[in-house]
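Both complexes shown next keep subunit A, but they swap its partner, so subunit B is in the first and subunit C is in the second.
Presenting the complex of A and B:
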């Protein structure tokens, strides 16, 4: 079924389909799909994937009978179970959770950071059927854990979440995606950090082979605010992690890190894009990948320094280990600098495990497989040892052990 | 015979390195191999340790009644062979202490000995490190990472003393060491020396052999041993160089 028919047929299940402005916007998006020749060479969002599978999909969405749960477990600690992209409303003096509104839809109509030809973002806007908005109120220090549950097979979830950290607030957000259903989750997170706020955002992804997870996020940082993102992708299904970050006021910072663990014929596309739009801002983009069997991954990193963004510090690093001759990892770092007083760097190294290190460890009595595993662990040691949340460290370690158990 | 190398010929990337090399080492003996650059000394060390880059063209090696070619790299180590590397590899993120603990237990397992527990291992490591004047803080670091040349060599000897091998091959352990570090390292080797183990010491210079007295000295030139004898050969080399053997 083509996009237009699919949209028209399912319109009643799609958010804001009665809003005239949104209708007009969606018509434009439908036109993009109908007129785009899907230039795979120049469109980073299309590497390694068969877009047709995502465009000619069967729309299915249901509001589950299981309702979402919000628990205020300890003081300043919240635990949320989001079901099929939905979350109940909640309000206390520290946080507020509501369903997203028509106004939230328009966040991106004026935004030029996310590419207009990112078809997954456009699909999200067209078929939006779920999502919520979280506001962390001024000067509060909050921890939230969100378990994202998909209840049924064949669901197509198009979810948009807005997260707002008000002035002086601090949020530690852990999001878990662990689904066994054959489904597609296409999620767009829009994150706003007000003055002096901080968000540490952890995403743990561990879906089964037939669950596609497409996450696009956009953060904007005002004065003295910090957005840190750490993605751990252990999924056996397709995962796309694209993150766009804008440092819009002075002394703001962003640190975008990711590690992916691929095997079989799994694929993952990753992208980080940081736009420096003000003076004295810092950014860091580090992605590491471990690829076995026939797996494939891409990582595009981009630092854009506007001419007003003097005293910028922007660093990029990409590293990959190929455990098989058939695995491939394409990495493309880019710097676009229009200011003259900046410190920026980028680097990328991809290759098999160092044979000399394997020989050294084996010469001390370790088996080849044990040496390989110890070197994989050491490859990501810096990132793992920087996890200061004990519970999360244990979760990641367990998943790492499971991945390593399949390395032969 | 503890180690017996017969008629060994080895090549790498179409270049013959070892040519019909013969060498025998008995239990309790210290042998030194001296030779000019490119004579094949390190290749011999690597072939003994099992490095897989080389093609064995001919010959046999017998170690403790095993055909060495039947054993892979780790099995050789577990059987009691130890190579102190000329250029120890830096492995960031692999902590020294658990790595060595796991290494010693893999050897004990093969020998059907009881594994050493954390506490006993920590005590052993601390005492051996102190013998080699190694700071305890160094043991909290990653393998060879950020170590100076001297620290790397000392750490090789620490590993050797922990693993207590039957045959230790020291590949130019003296290179890059100042006189104080050389004393510490050679003291470590001498402490370990016994009637039950053997050493094969590869070096360019006589200096190392002033501290570790070899029973036999062999001169290696162009992939073969061209002369064998006592420590007087080392003095001869020190005086006249390798020219006369070539």
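Presenting the complex of A and C:
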């Protein structure tokens, strides 16, 4: 079924399908799909992807009987269970959670200047069926944990979340994606950081082989704000992590990091994109991957420095370890620089585990497998040891042990 | 940036192109435009055998179906292929002169202005020059000495007549005519270029060199160079260019193919200083070059070195296909862009054989309002066990109206291969400038010194004859805008 028929048939299930402005926007999107030749060479969002599955999908969405729960466990600590991308409303003097509104939709579609050619974001806008908005009020220091649950098989979830950190606020956000059903989640997070705010965002991804997760984030940072993102991808199903960040006012910072562990014939596509639009901003992009068996991964990193963004510091690092003959890794670290007073660099390495190190460990009596495991752990040690939340550290350790147990 | 720098920037950005002059020689031209007739005309003029004409026409039919590659970070008006002359040769050159005295004196004068007097070069240390003036080889020197060793060094036109077996076997074997639209175009209409064959076990005793020169207005030059190094041989080849000042954009689409068999080594060095257009971005050469080397045999080596300072548009990716086990590919590049120049240059290293190694050193310097892009691909295929790559690309930005971009593609399909890539972008270090100035250097001298140091890693790879010229070129290019 083509995109247009699919959309028309399921329109009643889709958010804002009665809003005229949004209808016009969606017609444009449908046009893009019908006229695009899906040129893989020039579109990074298409590499390593079986397009048919994603474009000729069967749309199914249910509002589950299970309702989402919001708990205020301790002071400033919230835990949220979002079911099929929906979350019930909540309000106190520190945070406010509401359904996503058509204004939020328009706001994103009008201000999305970074990447217009990403078909998965367009699909998300077209079939939007869930999502919520979280506002952290001024000068509050909050911790939130969100568990994303999908209830039924074959669901196609198109979710758009808005996260807004108001002036001077600070948010520690842990998102968990652990699903066993055969479903597809296409999630777009639109994140706005106001003056002096900070967001530490952790994404723990651990889905079963038949669950596809497509997660995209667009963050924008105002003066003195900081956005730190850490992605831990242990999924056995396909995961796409595309994260865009814009530094729109001075002295803001963004740090996009990720580690992924792939095995079997799993695939993962990753992209980070930082756009420097103001002076004195810093950015860092670090991705590390371990690939076993027949797995395939891509990582695109991109630093764009605008002409006005003097005194920029932008760094990129990409590291990949291939554990098997049949694994493959593609990386494209890109710098686009239009200002002269900048310090920008990227580094990229792909290779096996260092043989000398293995030899060293084996000469001290370790088996080859044990040595390999130790070296994998140390490869990502930097990322693990920077986790200051003890509970989370343990969760990730467990998942790492599970992955290592399959390494032979 | 201080006011002094800005002043010098200003004064030097008005610097005129030193080699801008035109030699007036009667030229024999067919009509403008590209069609089968013109290809037949070229083939007839070059007195080519039937199979060559067929080869050209096949390439032309492919070209008609193709579109220009669009992925490069370049902006230029669409090329009107029907508004270009595809063949121009100075009159009376169908019969080649036996020695320099028979050559048109005006031509000799042109070379003297460029600082490459042929007579002197005959005497000077071992450089045999095969000069391409527009489309016909003018003079070939040192031929005798090379012949003694069995080395074939002649124009490609002559090789088609005299060595059809080699041409049939190797022409288009590394760059197929249908590779992309510029290679198809070149295959259809190429007029001249060099052909080198080094027989088994021979180390070529001198550096072979060609000076290309675009002279006639609106004449695209389509050279085709083919270098074959047979088993255990060695050759070093130099290519250098300067072009007279013109306002019309001139198209240049050359193809260079290198083939290194077992244990052979080819070193290919280029200094490119064609007319880059004036300070308003008007005119200049469009340079779309396809250069590709095939390390066909075991232990073979191909090394590319390039200094790119000219051309309004540079689209050039000298690449290596490392097919033989233990083969080595190297790429050293300095690209300087000024005013409105645009350069999208880099390399492609394809590792196929075991233990193959490649090294990429690229230095980009952007000045004025130019855009300078490094675009390179390194790929390890499944069977490239223990392959190794090291890539370093550094960019220097001078002034805040220019852009420096780095776009590497890294693809590994083998888990024993190791790839390392690093890149940095920055402006000229203030501390280094301060240090130099403290010791009495002027601002301009200091910048020139630092930039030369920045490029040294690449310049030192050039053969002696070229290194001096290249260093001068770097300084001249900088004069345009650095204080």
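In this section, the second predicted complex is superposed on the first by the 404 of 408 C-alpha atoms of A that agree within 3 Å, B and C clash if a C-alpha of one lies under 4 Å from a C-alpha of the other, contacts with A are read in each partner's own complex, and residues count from 1 in each chain.
In this text, contacts are C-beta pairs under 8 Å (C-beta built on N, C-alpha and C of every residue); 3 or more make two chains touch, one makes a residue touch a chain.
Just so we're clear, the structure is a prediction, and the values are computed from it rather than from any experiment.
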After the match on subunit A, would you call subunit B and subunit C a fit or a clash?
fit
Using the superposed model, determine the angle subunit B, subunit A, subunit C defined by their C-alpha centres, to the nearest 10 degrees.
70
Touched partner set for A:378, first subunit B, second subunit C, both or neither:
first
Subunit A residues touched by each partner, larger count belonging to subunit B or subunit C:
C
Considering only touches as defined above, state whether A:357 meets subunit B (first), subunit C (second), both or neither.
first
After lining up the shared chain so the two structures overlap, which partner does A:387 touch, if you call subunit B first and subunit C second: first, second, both or neither?
neither
Looking at the overlay, does A:330 come into contact with subunit B only (first), subunit C only (second), both, or neither?
second
Once the structures are superposed on A, label A:365 by its partner contacts, choosing first (subunit B), second (subunit C), both or neither.
first
What does the superposition give for the shortest Cα distance from subunit B to subunit C, in Å?
11
Share the list of subunit A residues that count as touching for subunit B in one structure and for subunit C in the other.
none
Listed in rising order, the residues of subunit A that touch subunit B in the complex are 354, 356-357, 359-368, 370, 374-375, 377-382
Spell out the residues on subunit A that touch subunit C in their complex, using ranges where they run on.
41-42, 307, 310, 320, 322-325, 327-352
Seen from subunit B, its contact residues with subunit A in the complex are 49-52, 72-74, 76-78, 82-83, 85, 88-89, 91-94, 99-100, 102-104, 106-107, 110, 142-143, 159, 163
So, in the complex, the side of subunit C touching subunit A is made of residues 1, 70-71, 382, 395, 397-427
